[in-house]
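My structure is below; once you've seen it, I'll send some questions.
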Amino acid sequence: MPNSFGKLFTITTWGESHGAAVGVVIDGCPPGLPVSAEEIQAELDRRRPGQSDIVTPRKEADRVEILAGLFEGRTMGTPISLLVHNSDQRPGAYDEMREKFRPSHADYTYQAKYGVRDHRGGGRSSARETIGRVAAGAIAKKILALAGGVETRAFVTQVHDIMAPVAALEKFPTLAEVDATAVRCPHPATAAAMIERIKAVRSEGDSVGGVIECRVRGVPPGLGEPVFDRLEADLAKAMLSLPATKGFEIGSGFAGTRLKGSEHNDAFENRDGRVRTVTNRSGGVQGGISNGEELVFRVAFKPTATILQPQQTVDIHGAETELAARGRHDPCVLPRAVPIIEAMTALVLVDHWLRQSAQNRTFKF
Amino acid sequence: MPNSFGKLFTITTWGESHGAAVGVVIDGCPPGLPVSAEEIQAELDRRRPGQSDIVTPRKEADRVEILAGLFEGRTMGTPISLLVHNSDQRPGAYDEMREKFRPSHADYTYQAKYGVRDHRGGGRSSARETIGRVAAGAIAKKILALAGGVETRAFVTQVHDIMAPVAALEKFPTLAEVDATAVRCPHPATAAAMIERIKAVRSEGDSVGGVIECRVRGVPPGLGEPVFDRLEADLAKAMLSLPATKGFEIGSGFAGTRLKGSEHNDAFENRDGRVRTVTNRSGGVQGGISNGEELVFRVAFKPTATILQPQQTVDIHGAETELAARGRHDPCVLPRAVPIIEAMTALVLVDHWLRQSAQNRTFKF
Amino acid sequence: MPNSFGKLFTITTWGESHGAAVGVVIDGCPPGLPVSAEEIQAELDRRRPGQSDIVTPRKEADRVEILAGLFEGRTMGTPISLLVHNSDQRPGAYDEMREKFRPSHADYTYQAKYGVRDHRGGGRSSARETIGRVAAGAIAKKILALAGGVETRAFVTQVHDIMAPVAALEKFPTLAEVDATAVRCPHPATAAAMIERIKAVRSEGDSVGGVIECRVRGVPPGLGEPVFDRLEADLAKAMLSLPATKGFEIGSGFAGTRLKGSEHNDAFENRDGRVRTVTNRSGGVQGGISNGEELVFRVAFKPTATILQPQQTVDIHGAETELAARGRHDPCVLPRAVPIIEAMTALVLVDHWLRQSAQNRTFKF
Amino acid sequence: MPNSFGKLFTITTWGESHGAAVGVVIDGCPPGLPVSAEEIQAELDRRRPGQSDIVTPRKEADRVEILAGLFEGRTMGTPISLLVHNSDQRPGAYDEMREKFRPSHADYTYQAKYGVRDHRGGGRSSARETIGRVAAGAIAKKILALAGGVETRAFVTQVHDIMAPVAALEKFPTLAEVDATAVRCPHPATAAAMIERIKAVRSEGDSVGGVIECRVRGVPPGLGEPVFDRLEADLAKAMLSLPATKGFEIGSGFAGTRLKGSEHNDAFENRDGRVRTVTNRSGGVQGGISNGEELVFRVAFKPTATILQPQQTVDIHGAETELAARGRHDPCVLPRAVPIIEAMTALVLVDHWLRQSAQNRTFKF
């Protein structure tokens, strides 16, 4: 089931970017949860096209419809079906892509794998698929909040070569701080520079990538299922399953490889009657299981593959040709990727919470 | 099934480091494959303790026994059961760990999750668990080789702050080049410096981490199952499911975030009648599906958590205390991790090959 | 994923009987398959309410909408999303069920399990859920047909105590013969008696059950995955996952328990150059794997739980009370269950065909 | 993973009847459960060859070895690995089967599917594979017992055409009553007749089948996961995954098809403050979910395929030939199948208990 994610809290997304609709089915949501369309819509609005002047100007209202799984405002333990109709379709804009493979897109590989593809806007490989993930993630985030104030916060720390200063990111940022700027970097000065850079590359018909950091506080110790379904392993999979991602690191990550063990180990202490670590180079996970500290991980995004410059390519007949890209796109995907990363994180956490609960709390001997 | 990995070529590992044995069951291996114990043993010998003077001196022969799944030297399509008995056990050496949590190990989180644990040598969280992965990976590697010369090659590119020069790693290294030195870096001068560093930190009772790169050549286009089971997503999960890993990147990875789209995109060309990319910043995967170029990814390992220096910690009663570590351990896990990374890579590829074949070649319309 | 079925050809159904819609997502459908809404509709029409004078008179057009997964009339290997809006809703008709548990329905158990339920028409436990199964099954049946003329034929052999004579069922009935009567028994005289009986019990406000037999011809040898995913095990699960089913038997079934081994064994012979069995008491499966003979199995359905007679029951507060059932229902579910059983059978077969192909045809050694 | 069963409490069996050993890995067992080898052995002894004069005289001690997953007598939440070495091997006795397909065995279908097979004693298709199921089931039964006195009791109700009188089976039989006779029918007079029949057919070189009933008391309401993983659906799959089974029915089963709804429905009443049914034609399951009444189901076994009479067959080259069977076998598998059915039932129940607990008790809103 390549279009499903999660073992007990499972989402299945469907839909092509220029088909009738995109959607998601959520199976395994606990019963009794109050859910409103507004709560889901609020998250969708954070990933919506046209939300600011540094994202794609496509006009998609992305209005969510709840088709099943709720009764009198509460979940019933039955599958929840959510749908968003596609509206701003200009299929003619994609005629060139019917025959030509866009560099660093999925056109060639979908053709090679399936022998057939919807060439319009990337079809199934479009980031539009993540609408279902964000809608489902809104429900997962609500569960986490009600389960005891677990908060998931992603934010942009790097765009191109502009990085937020380390000191500026030490405290857990508020949602308002993150959403204060269109680029979703909670450090205002850096955000301003990032926005300027994005506008500059857009004016060149070019694009940029960057890094998003995600933190979660309030995670109880015990989430994660060794040896294969370690918490960081499932987070890594979740993040690398997103379009345009090229890397994942948790805690000290790649930089930690330059420390010695004596510098890197997180000493334990007893703080307020709980076992805590003095530092958090582990990033909240040890041996694949959450240790109760803040989860901290980062995701690398490549520059948007769509650029408004002519590029060398090959067509479906194997002939070398040139692609004169045009159309509407994001010069930098990171601002809109922030809610997507939060959604995937929440989905992983709820799934592991259910798994942990099943194995370790069902029977008492 | 947290101890299983793979959808169609599935391995299930079992065993604690100081129990009777560790092992693996492989379900879904195609029938008719010739397999010998010697082929499996050859891979196990590459991860064996005591193989050189920079790894742990523990004496474990790690002899594999084949208990089921083969008949007259060939697989039958039935589960393959492989087992290695544990031999060099000094359980008394671990008495201190019964009560004290080792910093940056899994002692605390296992205790928090399960309420009970085998404290001897990490029990289930020990890297000894990877014996089953390597044994199963030997079979997966053989399938890949017979399927058309697909070759998986991992090697150490960084230890602590010593990095192999980029130019030295441009060509695909041979197995002999990798295994020529105890540290498994194919650049001899760098390898010598790495070995010296490892010996130096060991003499201080300290440890170091580093980076392993893995490349695969001969991968056909079409492997990978969007949207969630993207090839890089499953590789990321496989790598982050290994002890001591903190990061994963594919192709341009984190460094690629500093390029513009016009610099980063891989132009297509027609080379020898096949669609090929001029550059390979994608790392062999586009849209979650292999494009026929070399797979290239890197994995970050933290420094070994076990060090021979006193450390501040807490015991199972919550009391703060000090841990006076001793015993035998690897001052740097990377040399022995190389065959493990190759094994996990081969397991992911065989699994995806089977999945791709099922969906796209079974029926022709 | 309790609302998903199948490992490689996976369906996920969603929807309550009196919600906005019911639907299904199909993941794993091979690419390139031509599919039309008409083909799916034809199967839905066979399970539609109001299709004859012996089924429920509810008016549901059950028009299928294809939302994703098709491009220019062909599947793309991406998820197929199908939806049917609910139209003939009389929620007020169910006010009594909000508080009272209907005997032998799922009202009490859903309340006990989930603590909340949509009481209108059974909600998720309604047979209306099977719309998604039948829609997905239409696609599976088309795959089987194109794969080489595999034909799935279910038909009613018993209603209450009226049974078709054994001799009348010896040959594989045509679709026309099955659908010739409203009761879908291919033996006209028996069908007439069954219809008369159904009308009689309906006039008493009562209901009846019966037996459906299903046969499949053209199945290649080799489908079925021992030891747990035996073909008959997955068929049994598929059938017992349907509302109102109480039994499953394959080949000689329960009657075969009265034979001796020497009477029961199916001797092998070489017929037309193929290994064949002289008799087919095995029902087309040996050791959990299809042997190329006709698949033959039977499913027992209990009498419809909804009856128009007062019944003793308990309400959600635990008070004993009486239920005065009314409303529209099927006095006998079997005629409409015939296409559902064919659908589930086709889903099992396509799934196993893909699995068999993956393991046994991908690599040749 | 065709050799795995269960979603959260998962067993994976491995081994051929004449290989080195057979075994099982249990993943998902809750931590802290006290388990001893003796408890597992007690169940294995109930399925052991040579236990009485009506079963196969093969001499297999079937001694279980615990290789992993226990520490100081308790489970740890890590995989439990259990193994039984094969001892009484007479591979020469099977030389004829290398080339000739035994009628109604799995020889032909394994050859057709895999192209290779271990012909000795059926290899993987041997009922010897169920050793792993029984060993794992012993642990599942212990969990059920500790969870609140849930008791699983299977017993033989029919051998050939000899049936226990209905009145004799009304009460829940004790283990002692079941095991009082070699045939495991708790009605002594019937048991004596069954034993006589089994001996008679054995003396003719023939075999017989029959029916086993299984009951479970103490099941809480709420187990079962609609719409596909209904409790009866998973029970049906479990039972049809056993060698030699041809049918499954729950509650009123096939006989219930002859009742009217007004005769068949189970009225609700309030008994001792709980919602109970007056009758139990549902067999303890409504809408796929346990209702707290006794689970009651029956399984049909065909006569043993191995008989000591010459049979017509075909060899692996397609030539028609005759098979002169000899060797040691069970003239009736039912007595030894009783503990296997209990094991599978317990495995299904523990798995569903964990699933129910995860979804419905983890979060409270």
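Per-chain numbering from 1; labels A, B, C and D assigned in written order.
To be clear about the criterion, a residue touches a chain if its C-beta (ideal position, glycine included) is under 8 Å from a C-beta of that chain, and two chains touch if they have at least 3 such contacts.
The shown structure was predicted, so the numbers you read here are calculated from the model rather than taken from an experiment.
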Chain separated most widely from subunit C, comparing mean CA positions: B
Copy pair subunit A, subunit D: interface residue numbering same or different (half cut): same
Rounded Å distance between subunit A and subunit D, as computed from the means of their C-alpha atoms: 46
For subunit A paired with subunit C, centre-to-centre distance based on mean C-alpha positions, whole Å: 39
Distance between the centres, which are taken as Cα means, of subunit B and subunit A, whole angstrom: 26
Interface hub residues of subunit B, defined as touching at least two other chains: 2-4, 13, 28, 31-32, 74, 77, 113-115, 124, 355, 360
Footprint of subunit C on subunit A - complex, ascending: 1-4, 10, 12-16, 19-23, 25, 27-28, 31-32, 65-69, 71, 74-81, 83, 113-118, 123-124
Subunit C partner contacts - residues on subunit B that touch it in the complex: 7-8, 28, 30-34, 74, 77, 143, 146-147, 353-355, 357-365
Of subunit C, residues touching subunit D in the complex: 2-5, 13, 101, 103-110, 112-115, 124-125, 129, 158, 160-161, 201, 206-211, 221-222, 224-230, 232-241, 243, 245-254, 256-270, 273, 275, 277-278, 281-283, 285-292, 300-307, 309, 311-314, 318-320, 355-356, 360
